[in-house]
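Going in written order, the chains are labelled A, B, C and D, and every chain counts its residues from 1.
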Amino acid sequence: MRTSKRVDLLQIIIIQISDYMGNQGKEKITVGIIGATGYAGAELVRILSGHPHVRLTILTSRQYAGVRFDQVYPAMRCHVPLICEAFSMERLGDACEVIYMALPHKIPMTIIPELIVKGKRVIDLSADFRFNDPDLYESVYQRHTAKELLGDAVYGLSEIYSEAIQDAVLIGNPGCYPTSALLPTIPLLRSGLIELTSIIIDAKSGVSGAGRSLSLGTHFCQVNDSFKAYKVAEHRHNPEIDAILSREAGESVSVLFVPHLVPMTRGMLTTQYAGLKTQVTGDDIRACLDDFYSQSPFVRICPEGSLPETLHVRGSNFCDIGFKLDERHGRVILISAIDNLVKGAAGQAVQNMNLMCDLDETAGLMQMPYPV
Amino acid sequence: MRTSKRVDLLQIIIIQISDYMGNQGKEKITVGIIGATGYAGAELVRILSGHPHVRLTILTSRQYAGVRFDQVYPAMRCHVPLICEAFSMERLGDACEVIYMALPHKIPMTIIPELIVKGKRVIDLSADFRFNDPDLYESVYQRHTAKELLGDAVYGLSEIYSEAIQDAVLIGNPGCYPTSALLPTIPLLRSGLIELTSIIIDAKSGVSGAGRSLSLGTHFCQVNDSFKAYKVAEHRHNPEIDAILSREAGESVSVLFVPHLVPMTRGMLTTQYAGLKTQVTGDDIRACLDDFYSQSPFVRICPEGSLPETLHVRGSNFCDIGFKLDERHGRVILISAIDNLVKGAAGQAVQNMNLMCDLDETAGLMQMPYPV
Amino acid sequence: MRTSKRVDLLQIIIIQISDYMGNQGKEKITVGIIGATGYAGAELVRILSGHPHVRLTILTSRQYAGVRFDQVYPAMRCHVPLICEAFSMERLGDACEVIYMALPHKIPMTIIPELIVKGKRVIDLSADFRFNDPDLYESVYQRHTAKELLGDAVYGLSEIYSEAIQDAVLIGNPGCYPTSALLPTIPLLRSGLIELTSIIIDAKSGVSGAGRSLSLGTHFCQVNDSFKAYKVAEHRHNPEIDAILSREAGESVSVLFVPHLVPMTRGMLTTQYAGLKTQVTGDDIRACLDDFYSQSPFVRICPEGSLPETLHVRGSNFCDIGFKLDERHGRVILISAIDNLVKGAAGQAVQNMNLMCDLDETAGLMQMPYPV
Amino acid sequence: MRTSKRVDLLQIIIIQISDYMGNQGKEKITVGIIGATGYAGAELVRILSGHPHVRLTILTSRQYAGVRFDQVYPAMRCHVPLICEAFSMERLGDACEVIYMALPHKIPMTIIPELIVKGKRVIDLSADFRFNDPDLYESVYQRHTAKELLGDAVYGLSEIYSEAIQDAVLIGNPGCYPTSALLPTIPLLRSGLIELTSIIIDAKSGVSGAGRSLSLGTHFCQVNDSFKAYKVAEHRHNPEIDAILSREAGESVSVLFVPHLVPMTRGMLTTQYAGLKTQVTGDDIRACLDDFYSQSPFVRICPEGSLPETLHVRGSNFCDIGFKLDERHGRVILISAIDNLVKGAAGQAVQNMNLMCDLDETAGLMQMPYPV
C-alpha cells in the first residue's frame, strides 16, 4: 500500500476537514510571492507550501521567469509545481488575495499602492513601509514615492503589535536585526526596568542575511572560518531600531548598533547591554519577560542557567531570549537568538498573515528545529 | 487573539478528526524510544513529536535519566515535555506499543527478545537484526545472543521491502551508508542492467553519522575545513551492503566500499561506479529508476542535467538519485543523496513504523528541506 | 639535482651563518615544551621547529609518551623527528635552557619553582603566573602553592611590557582574550583618551581556544553552523583584564567581558565599547595607536575605512586593530583580531622568548597569513 | 630593543649571506605575476614575498590596477608594498626575469610568445601550455594561437619531470586535480604494478579551486554544510590526466574522473581505484612509492595504518600519499592529499621556478601546515 508521490490523500482530507471544522466557511487563501527566488522569497515558498490554509498561486522572479521554481530550488522538487513568472499587476489582481513582497527596497513602493487599491493585503519584507516618518526613511534610504501609505502601514513585529496587525492591509515586515533586538528590549522598556540612554547592541548574523545576490562578501572563501564586524555604527537597521524604541518610549531614543558576520548560513544572535534602573533585580527581569510572552507561542524565555544558541532556533520561527545580570555595573545583558530567514523575515511575515487573516497564529509555522 | 503556547487547539482538532476519518477506530499509537538522547534518538523525538498518529510516552537515557529531554535538546524546548528515564522493561511493557531502539549494537539483542514476547513492535536502529545470517553478523560484530529472532527480523529498507515490513514485528533498520548505496542499485540489479562484479562505492558522510559520543574524530578542530577517508575497505557497512546485494542477486556479490568524512553536520552523498551490461543506454537506466520509484514518495529521480546535493535533502526523508553514463568505459555513475540522520536512520525508522501500522507512509515525514 | 628530504643543506648553512653573523658567539637555544600535544603545545612545536635560533630537545606528553610527535600531528610528518616523553625534571634540567609550560593551570605552579632554581627560563601559558596578587588568583582559580614567585613573574604582553620581559626569568603568558582586549585599550588608557568606568568587551573566539580535550562543547555537530555566548560576565579572563587595566590606571578598573563561540577553528575578534573623554576625536585615537605601535612589528593599525577580520591574521602573530567613532554617544568602538593560538598563545610565547634571549623579536614568527 | 616593522635586518643579512654563500654570484631573481589578485596569484605573492632569492617587481591586475595589493589582501598588510598595475609588455620586459601567468586559459597564449622572444622564463598556471598535442587542446578548450610553443613547453609536474623542467623556458603548470591524481599513479605505472584500463578517480576539492570570481556555486550559503559532485565524467582535467598517463604508458590510456566539492576553503583529496597486476602485494606498492619519492622533499608516503587528510597539508606544498589494498577484488585504493592552491597551483609553480633557476628545490616553500 503506497500513496502516490504527488497526491497525499490523507493530508488533503485532513486539511479539508480542518478547513471545514476549524475555519467554517473559509476558503483557502490565494497567495502570491513577488521575488520568490531570493532567499527570503524561497523561505516563504517553503513555509507557505506547507501552510494548511494557503494556496500558492503566483511566484514571480525577474531572473527565472519561465523556469520551474523547483529547478531553482531542487530542495523542493516534486512539492512546489509552480513556474516562476514575470511580474504582472493583472495576474496578481486576478489570482491572489494576499501578496508578499520579497524585493529589495525602493521597488515595493512603486508597486504596492496599486495593490492596495485593488483590495489586496500586502506584506512587504523590504524597508519601504517600516517607517511612519517619511523624512526618516528618506534620510536613511532614498526618496519615498508612496508616502500616503506610510500612515496606515503597520510595523509587523508580531508579538508587539498584534492588534494593529490584525486590522492592517499593509505590513512593513521588520528587519532581522530589529526583530532580534526589539523583542527582548520592549517588555523591559515598557516596564521601566532599563535605562534608554545606554543601550549597546552587538549583533551577529549568518551569511544568508546578505541574500542570494553575488558579492565578494558572500564568497565562501572570504567568509568561511573567519569573523568580522561590518557597517559599524552605520547599518540601516540602527535607525529602524531607534524609531521603534522612540515610539515605545515616547521620547527620542538612540542606540549603538554593531553587526558582525558569522560563518554560518542561518541564525542571528544579538547581545545587548543596557543599564538597569535602580533596585531592579534579576527576578524583576525574569518576571517581566515571562509575563509579557506568556501567551506568545514563538518566544521562549530560557530558564536560569541557560542561554540561547542559534542552533536551537534554526529553521524555526522561535525567538529564544536569555539574560544575565552584570551586578558590578548595574547592567543587564540580554541575549536573543532567531533564524534570520524565519522569525527575521519569512516566518514573521507568515505569522503576520495569520494574524491579519484571523487564522491560528501558528498555522504553518510549528516546525521544530533539528536537534543538530 | 492569541493561542496558548502549549495548547494548539486547531492542531489537536485536525489530528483528532484525521484519526476519526482517516484511521477510523484507531487510537494514537504509544511509542517509546530507548536511547533518546543520542543523535538518532533525538531525531526520532523531533519527528515523532510532530507525528499525527503517535503519542510519545517513554524516552530512556542512561546518561540523562531524570533530566527533562528539552534540557538536553533545547531546540525542542516547550514542545517535548517528557523527562528522560532509566530503561525499565516493566515501564515499556505498560506504556508503549511500538519501541525504537537507538542504542549501540550488542545491547539491543539483549533487550528485544523480551519485548517481542510481550507483543511489542520493535524497530532497531543498530546492526543487531540487519543480518539474516548469524555467522555473518558474528564475523563482523560479535557473538549474537538472540539468533532465534534473526529469521523473522525484516531488513527495513522501506522502498524495497515494504511488503515484508508491513507484516513484521521486528525491523532491523538499515545503516545510513547501505540505504544510500542500495536504493539506486537494487532497481538496476533487478532489471539486469549492471554488472555485479565491479561495483565501487565511494561514499561521503557528514559528522553526525559518528554520533554524539565524544572522540577526537568529531572534535570541531579536527574535522572543520578538512576532508579524509576512513575505514577504507574495512567499514562494517560493507558486509551489510554485500549481504543485501547477494540476497537480491541470488549469488554472492561483493562490492568495494570506501567512506569519507565531510565537514558538515548532516548529509551523505554516495558515488557508485558499476559496469553496464552490453547495450544498456542512459534511457534504459532512467526508465528503470523512474518506473521503480514511481509510487515512492521519498525517492526523487533527478531530471537530466541535474544531480543530487546533500543540501537538497537536509532534514528530510528524501533520497535524491541521479546518474551519468561513462560511455568510454561502459559504466554508470550513480549518485544518491540522503540526510544520514533521517532517511539514513530516524526517518526511515518512522517510515517503517508507518508501514507496519498501516498508516500513510508519509505521516509525520513530509517536512521540506530548507532552500539553504 | 634533488636535495634530500631530511637534510636541507642550504637551510642549515643559512642558519649556521646567521648564528655566526647575527648572533656572534650564540649557540642555539635548547628548548623543551611541557604539554606538547595540546593545541597550544603543538603550535609551539610548529613555530619553534622553524625558529632559526632554537633546537627543540624535549616534548612531553602524558597521553602520548613514547609516541612520535608527528604521529599525533601528521601535519608535521618528516619535520619534527622527536618522540614524546613523560615529564622528567632531570631530563629537563639537562637538556633545556628555555622551557614552555603548555599545561592546564594548577600543575605549572608545582613544577616551575624547581625549574627556576635550576636556572631555567620559563614561559608559562597557563594562568598560574599571570597575577601578581595571590589573593586575586586564589579567588578566581584555586590555592596558589608558589606565591613566592608571583612577585618576579612578568605578565608577557609583549608590546606593553617588553622591558620587563627582557629581564625576566619567568613569564606568565597572557590569555588569548586579554591579549586581544588589552592591546587596543592600553595605549588609549595611557594617553587618557577613554573613560575607564564604562568599558564593555564583546569577544568572539574560534573553537581551538577550548583546547584539544574532548567535551560536548567542541563536538563538531554542536558548534558547526551555530553561534552562542558562554560564561557571560563570569569568564576567568575578566579578572585578568581588570587586573592589568587597574595596574595601568593606578586605580581599580572593572570591565564587563562577554565571550562568544564562533564556528571556526582559529581566530578571535574583540569588539570593545568605551566612552571617550570630552573633545577626543578620531584623529586623536588614530595618532595615539599609530604612535604607540610604530615600532611594533606585530601590531597593524587598519587604515581608515578598513576593519580587522580574523581571516587576515590567521596563523600569524599579528594583532590587527581598527576603530570607529560612535559620535552620537561619545564612544569609541575598538576592534581587534588575533589568531588565538598564535598571538593569543604560542606565538606571543615565542615573541617573549625572543625578547628574553635578546634575539630579533620577530625570529621564527614572520609567516604571512594565507590570502584565503 | 625593537626592530622596525618594515626592516628586519637580521632577515636581510641572512638572505644576503645565503645569496653569497649558497648561490655565489647570483643576484636576486626579479619576478612578475600576471593576474596577482586571483586566489592562485595571491598565493604566489604570499609564497614569493618570503622567498629568499626572489624580488617581486610587478603585480598586474585588471580589476585592481592602481590599488595597493595589500588593500585587496589585507592579510599581507605591511609586507607586500607593491601597487597593482595594468598589464604592460614593456614594463615586464624591463623589470622581470621570471614571469608567472595566473590568468584564465585563452589569454596566456596571446601574451607568452612575445615574452619568450624577450628571453623571459614563463610559468603558466592556465591550461594553455599543458598539452603537447594542439588538437587535443583544441578539442577540450578552444583554438590554440601559439601552437609553435607547445613542443617546447614542459608539463610542470615537478617530481616527475624535474629534468626537463630544469632546462625549460616555458612551463605549463599542471591542474590541481591532475597533480593529486598523477603523483601516486605514475610510479606504479612505471613499475608496471597496475592495470591501466580500469582506473577510476574520485576526487574532492575545496572551494578555492573555483577561484575568486563570483558565481552562485561559490556563494557561502550554497556550499556551506553541503556536498555534491559536479562535471561528472566531463571535467577538463580528465583529458589532461589521460594525456599524461598515455605519454607515460606509451599507449592510449583513459581514466574516469569524477570531481566533488567539499565545504572547505583549501584542500584536495583524491581517491583512486586501480586494478593490480597479478601477484602484486602491498609491500610492492609501498616499496615502489618509497623508492620513487625517497629524494622528493614534498612527497610524504603515509606509514601503514595512516592515511592522508587535507588538514595535514593545508597551506603547504606537500603531497601526502597513502594506500590500501582491496584484496577481494585485486585492487589498490590510492589516496592523496594536497593543498589545491599550493602543490595544486602556486607552490608547484614556485617549485618549478626553483628547478628552472637551479635553486634549492624547497626555497621559500618549507612552511609547515598548522596542527589544526
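FYI, a residue touches a chain if its C-beta (ideal position, glycine included) is under 8 Å from a C-beta of that chain, and two chains touch if they have at least 3 such contacts.
Keep in mind that what you see is a predicted model, and the values were worked out from it rather than measured.
The chain with its Cα centre farthest from the Cα centre of chain A is D. For the touching copies chain C and chain D, the fraction of interface residue numbers used by both exceeds half; the interface is of the same-residue type.
Work out the mean CA point of chain B and of chain C, and you get 47 Å between them.
Inter-chain centre distance (chain A to chain B, centres taken as mean C-alpha positions): 34 Å. One finds 42 Å separating the Cα centroids of chain A and chain C. Residues of chain D found to touch two or more other chains are 39, 208, 221, 224-225, 263-266, 309, 311, 314, 372. Chain D meets chain B in the complex at residues 200, 202, 204, 206, 221-222, 224-230, 232-233, 254, 256, 258, 260, 262-267, 269, 271, 273, 307-311, 314, 324-326, 328-329, 331, 333, 335, 337, 372. Of all residues in chain C, those touching chain B in their complex are 39, 207-208, 212, 214-216, 218-221, 223-225, 263-265. For chain D in complex with chain C, the touching residues are 1-5, 8-11, 13-14, 17-18, 21-22, 39, 42-43, 45-46, 49-50, 52, 71, 73-79, 162, 166, 208, 224-225, 265-266, 294-297, 300, 302, 306, 309, 311-316, 320, 358, 360-363, 366-372.
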